[in-house]
Amino acid sequence: MNAEDWKKIQRMMSKRSLWMVHFCTGCGAVEMPPVMTSRYDMERFGMGPMATPRQADILLITGYLAVKTLKRVVRVYEQMQDPKYVIAFGSCTMNGGMYWDSYNTVKRVDKYIPVDLYIAGCMPRPEAIMDAFLKLMKMIEEGKADGWKRYKEHYEEYRRNQMRVFRRWDE
Amino acid sequence: MDLQTLFGIFIVLPVLGAFLSYSLGKRASIVATAFSAVPLIFTYLRMGDWSQYTFTALGINMSFELNPLNWFFILMTSLTSFSALLFSISSVKERQNGFASLMLFAVAGANGVLLARDFLSLFVFWEIMSWSIFLLVMRASGESARIYMIFGAISAYFILFGIGIVYHYTGSFLYSAVGGVPAYAWKYLLPIFIVGFGVKMAMMPLHIWAPHAYSSEQSFVAYLSGGLSKLGAYGIFLTFYSFATVGVLAGFGTFRTVTIPGYALALVGAFTAFIGTMLAIFQDDLRKLLAYSSIAQLGYVLVGFGLGTPLAVGGALFHAFNHALFKAVLFLGSAAVIYRTGEYRISELGGIAYRMPFTFMAVLISIFALAGIPITSGFISKWMIYEAAISLKFVIVTPLMLIASVGAFLYSFRILYGVFLGQLHRRHEHIKELPPHMLAAMYILIVPMMVFAVAPGLIFDWINSILVYYGMNGLTYTTFSYQSSVGGANMLVFFVAFMAAFMVAMGLFMMKKARTVDQYDNYLGGEVRTDVELHAAHNFYKPLREVWEPLLKYSTERFYTRVARFFAGGFEEIKKVYTGNPQDYAAYAAMAFIVFFLIGWWLL
Amino acid sequence: MNTQVLLENLGIRCERLKVKGNTVPRYMCHVDSESIESIIEKLKSAGFKHFVALTCVDWIKDGEFELLYHLFSYESREDVFLSVRIPRDAPIMKTLRHLFPQIETYEREIHEMFGVEFEGNDRLGEFILEDWDDMPPMRKDFDTEEYAKRKYYSVPLVDEGDGK
Amino acid sequence: MIHPVLLIAIPLFLAFLTPIVGIGSKKYARYMAPLAAGLNTLVSIFVLFETFNGPVFDILSGFSPPLGIVLMVGPLGALIALLISFTSFVVSLNCLKYPKEPVVKYTMLYILLMMGATGMVITGDLFNLFVFMEITSIASYGLASFNRDKRGYLGAIKYVVVGSIGSTFVLVGIGLIYAQLRTLNMLDISARLSQMNSFTAIVAFVSLFVGLSVEAEIFPLNTWVPDAYRGAPSQISAVFASVAAKAGIFAIARIIFTIFGYSNYLWFVVILGMLTVIIGEFSAYVERDLKKMLAYSSIAQMGMIVLGFGIGTVLALQGAFFQMLSHAIAKAVLFMAAGYFVYRTGTTKMESIRGLGRNPLIGIPLTISVLSIMGLPLFLGFYGKFYIVLAGIDAGYYAIIALILLASVVEVAYYARFLKIVFDKSAEPKEVTPGDYVPMMILAVVLVIFGVYPYPILDVLSHVASFLAGGV
Amino acid sequence: MMDLIIDIALNALYVLLAVAYGLLLLGIARKINARVHNRVGPPVYQNFIDVGKLLAKKTNIRHNWIFDLAPLFGLAGALLTLLYIPMGGYRLLSGDGDLILLLYIMVIPSLGMALGSGASANPNAGVGVMRALTLMLAYEMPFLLTLLSLMIFYNTTSLSVLLCKQQGFRWAIFVLPLSALAADMALQGMMMKKPFDIPIAPHEIGSGPMVEFGGKYLGMLMLFGAAFAVVETSLFVDLFLGGGVILNPSQYGIIAYMVNYFVWMLLVLVVWVIAVFINAVFPRFRIEQAFKFYWKWPTVIAALGLAQAYVMSVILGVVP
């Protein structure tokens, strides 16, 4: 077996065992329980919620991010261990949504951390969420979900962008 | 070996050293260490000489004896005193000369107690040891010293009373003469000796001096708890297996092959172990925690002596040995922490292990021994006592001991987590590892624990010779394995298996590299380190405490305080005899004359 | 005692607010910033033990901030609003946290959002808005859209260079 | 050959020389006390050596016994005389530091007190005993009130009341004996005791016992002790405890063993001793005044000695004598320390002496003497308590010894408390001068030397058996 | 020499099988849980995938060297414990160490984990370990009484001897039913299944001791968990259900081993499934509630069982 095969096996395992830490910032969190419970049951695919970012593979951002929250999100993201994926959830994470002119809400999350997948909708339905998960799995299998690599490669730019909204970091 | 050498090395030399080191001032502990090293080296070289001597000193005829038992105990006390003094070179900062000389007096006293073959010298040296401990404790706290001394006096006077009884019946002070005490007198003599020696072992309910005394200078307490408290165990061993013959003990009646006094002792020991453990769990003061742990561990020794089968007695002796080592290391570890941080409350410490890794390793290994993890010898001695109790089918003693050993995990983790792991406080960020000689003081004691864990047969040889010397059957063992009537274990197999399993785990572990992050880089909901200390060591076992709260309100110490207050009230009444009124005094004189006269007339 | 009488005894002109469908009597009083402390103290001793809220309104045209102290009495089940107007260009008010400790939090928030200084409150500082770098955002002359554009929309996308 | 009479003659001479010296220089008058005590110490050492060959009889004023005045010194008496002179000497050194005005009278009374006590020990004649006792008492009365304050006078008046009752009893006892036997020589009385009406003998014995109990601090005639000890200057309290009381108790021992030999009365003495110990220790435990506490402790220690005499075996008597020695020396140290504390703080309250012992020059002798009183080995006090307890158990006094040991625990408790206060870290020690610590050091060294090497004392005490059998 | 190599190989095989079986058991538990929730649930082999994923993680974060002790001691201790537990009648090393040794070996992995999690300086870890230890004190009370009743009744502390004495369906569960009941209750706490899973409560204290572990650390701890699922159930099976030994190997040879192993697996599964069902339907006890519970009813039951064993063994003199 060569390295490529190993990679394949690893991706297969990553795909079938996605543990997520969900950062419940907005109203999107209410759509998660249906996804977990008997109607949609995401544990079918080996997915499950985890308590801490150390154990998790997916960071699920379920709603708008204030500046203050973004800082926490970045920290949590950096505490996760590679490979790690980010799913941003709902319109607010894409363009601010109804908070498009708010003085305190960041408008596009992928300016600050690499987002692998956006789920559109305000709110997205559980079907959409399931669909997104399946799509992420596919991306992982194909090796396209490489946000964590991009973050490493372009760390300087990401950090510069983050620091445009933060004044200080280590506090 | 002749008498002069023996007396000179074990008693005169420490006393001389005491005077010398007192006059030396700041370098006292170095000299004292050298003086305490001599008996240790001597013990190591000459262990195994058996002989008896008699001579006079201090106005009394003293008889000394060297037998396997006192060699065994001298090894413990010499080891612990040596490492305590070695440690104290740096750790004792204030009036080191007083400390060192009193330590050497205690060493002389302990050696004398152990070597004695008659009650007079036993008592004399017992008291010498007692007052030197008193003064040593007084260096830290007068009240603790007072409490210690009251119990020390109770212990000494019980022993003295017992000696008086022996003398009354036999007219001799020799141990060998105790056989002449008639059986009915043992009814008094046995409890008297048990209480007398039991105080030094901090047997419940005579233990309350221990948490106080053990809160004084920790390097001394390492010796007090490690070495000197073993003298109580020594005394109880002598009482049961040398003074009282089997016939005497059996004369009290037996309970399933165990004599009634033995069974009572075992019960007391089991309760001591249980209650001591439960109290240790809730201590926030590191020193008090270790003190209660000491009380509990000596409870096991009591159980072993009480059960009286060769396995139990051997286990108790071995446990006393182990306890001497690991508790000395633990107290030295706490001394190290106090030396570096000046703090003894567990909730105020934390993360010391990252700055003092070698100290942590020493403490960790001795905590393994304390908790009875099989990679140290602490397990084997506990195992022996358990097996003895199980094979006797005792259903009160055994569960108490077993659950106490589970409780030991709780308080040992409190030490590990509260002091050494967890968050390092900002004010402790700059502390350093101990200097080498202090580490050496701890690691000297670690080595035997590890060696005897793999090859317990080495120490069983010695324990066996003690048992045979006192007329018991030997143990069943080989160099690496040991057996009871109901089970057995092979430590070599265990170690090989452990190593193999460890290798497998290591192999799996080494497959991937890990990245080290700062210890404050923790998941706290995205928050980072703030000024708020997040070390979760304050009131660590709060839920358990809430459950136990109704029972914790009963305290032996409060009981004693109440008794003391009650008596003081009585004394006030008695003191009213001295009214301060001359007329009353004149009346007293008249009445005294009448009473004296009537008595005289009656006696006529 | 009737609250209205009480307030009148204190020398405060008050009006009873007419609220549809609400049976709880509410009184609106206008007081000046000097006397507010003693009035709240007296109300407190008269049964208004519950400090409900402190809010601020920016009357930009009047050039004033209105601070609204809201008290409630469990005994008479009545609400009292005490309105204090302070000048917008020098928004300084005495702290009242010694009367009700919870006022401190409200004061911190109003300080952050409106820039009102509360003399004597030493915990005024960064509270909810982390890393804030502009004028207090709840002031009516603060243009939030302009700010958002300036701050957030100007952040460039990370150029990852692989056509994504 | 040195005559024991010198033990009386020298101090008497020097005592009456003191006013004459005092006329010239009050400064030199102060040195008369150490001089007299020092000379007495030397003489008593020689006497002690002489007595090893047998009791020394010194006949005064030409009449031969049993008619004349006779001094009768056995080894034990010589030992006690030595003890008295020696402690007086050391305490008088301490007195130099704390002179009391008027110096001449003070010094004179001090010498007379010592002389009287020595005389009580070495006399061989009952009436002389009474005379010396009176000298001692009267000197004591004077010294007890020497502070000239309310406490001193109160203490002294109590002492006078009880003491004069005691003297009367002694006189009555002597009178009864003389009326029957026409002799006052102790050995003579002892030899002819059987001629006496046994009822009268009992009355005489009890009278003497009660009378001497006052000096010997036996319950219930020790009621004067706390007040007098507190009221007197501390050095004088030291002398009371270590000189006067020892003379009294030795006199009682001689009454019991040398003269009457009432062995069936001994159990009552044991009970008295026990009561004295228990009441003394228990009162001391609750006492908050330093000097009164030491006084009560002194009572208890005397009780131990009485107990030792009461048990009446060789071992017990040896213990009693050891106890006399150790108590005299250790209590002298403690009272001198108390004197230092009182001088530094101006009060005798226990709480006020915090931290004063932290200077090792005071602390070490203090600790040594406390440990000695607690009865711990390597110090002289060990032997007393140890021997008495062993002898008591051996003689079968189980319950009494148990009570004594209980009282000893109480003693340990309050002495440990005393040490705790003295070594309290919260307060700073004050300066000391050689006048304070040299006497204490001397006595402490003696405690340690004879604690480690008691053979000289044991040699003397080997004569206890003959004393017990009615010898001297 | 050959014998020794075969022996070692066989032991390694048994241990490997046990770990694999443990992972399967964990998968079964998840499946059952899902079915109780009316979900489909993950496949039963899900836990193999999880472990594989965790071990294959690209970065692994550690805090310091003490942190490494957790997976090392955890896994090593777990494997060691497996060696001392007879599985399907095959005794492994249990002849060289008895129950008391086993009890203490069982502590090693938990101790390592406690050390490692403590070293992470995360307060949640400390709280979690505190709860785990308190729970341990709680369930050990009935469990030790139960063990004692067995040891007294069979007059041995050796597990292999215990198995021999239970052969021929003279299982301890029939003889000492009360003790078995108490032991099963204690087992629930030992496995930290609901209602006793407060030490690892994910939503409250971030999964407690495991809060800082990820990647290979968590993977190895999962292996330890899997091994311990087998250890704990197997301990119950060995103690009370005769260890699944129904055929005598000396009579039937290799077939007996296979049959016994199969029966052992079945019994382990049964014990496990009972615990999983209880887990699925119960809410969570607070730690002091759990403590009070264990020192009340299970202890009383275990004490009754002990009394029964005592009476039978000591007073009536029954020799099993």
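Note that the chains are named A, B, C, D and E in the order they appear, and that numbering of residues resets to 1 at the start of each chain.
Methods note: a residue touches a chain if its C-beta (ideal position, glycine included) is under 8 Å from a C-beta of that chain, and two chains touch if they have at least 3 such contacts.
Bear in mind that the values here come from a model prediction, so they are computed numbers and not experimental data.
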Item to check | Both-way neighbours, i.e. chains that touch subunit E and touch subunit D | outcome: B
Checklist entry - So which chain is farthest from subunit C, going by the mean of the CA atoms in each chain? => result D
Checklist entry - Where is the C-beta contact count highest, in terms of which two chains? => result B-E
Checklist outcome for this item: If chain centres are mean C-alpha positions, then the most distant from subunit A is chain D
Checklist outcome for this item: Note: subunit D sits from subunit B at a C-alpha centroid distance in Å of 43
Checklist entry - Which integer distance in Å separates the CA centroid of subunit B from that of subunit C? => result 66
Next on the checklist: Need the CA-centroid distance for the pair subunit A / subunit E, whole Å please.
Outcome noted: 37
Next on the checklist: Nearest whole angstrom, what separates the Cα centre of subunit A from the Cα centre of subunit D?
Outcome noted: 95
Item to check | Per-residue multi-chain contacts in subunit A, two or more chains | outcome: 52-54, 71, 79
Checklist outcome for this item: Residues of subunit D that touch two or more other chains sit at none
Checklist entry - Of all residues in subunit E, which are in touch with two or more distinct other chains? => result 57, 59-61, 206, 211-212, 215
Checklist outcome for this item: Chain pairs satisfying touch are A-B, A-C, A-E, B-D, B-E
Checklist entry - Okay, in this complex, where on subunit E does subunit B touch? => result 55, 57, 59-66, 68, 71-80, 83, 93, 96-101, 104-105, 107-108, 111, 114-115, 118-124, 126-127, 129-131, 133-134, 136-137, 140-141, 144-145, 148, 151-152, 155-158, 161, 206, 211-212, 215-217, 220, 286-288, 291-292, 306-307, 310, 313-314
Checklist outcome for this item: Note: in the complex, subunit A contacts subunit E through residues 9-10, 13-14, 16-17, 19, 37-38, 41, 43-46, 49-55, 57, 79-83, 148
Checklist entry - Which positions of subunit A touch subunit B when the two form their complex? => result 52-54, 71-73, 75-76, 79, 170-171
Item to check | Interfacial residue positions of subunit B with respect to subunit D in the complex | outcome: 58-59, 123-125, 127-128, 130-131, 134-135, 138, 142-143, 145-146, 149-150, 152-154, 157, 160-161, 163-165, 167-168, 568, 570-572, 574-575, 577-580, 582, 584-586, 588-593, 596-597, 599-601, 603-604
Next on the checklist: For a test of understanding, state which residues of subunit B touch subunit A in their complex under the given definition.
Outcome noted: 521, 523, 525-528
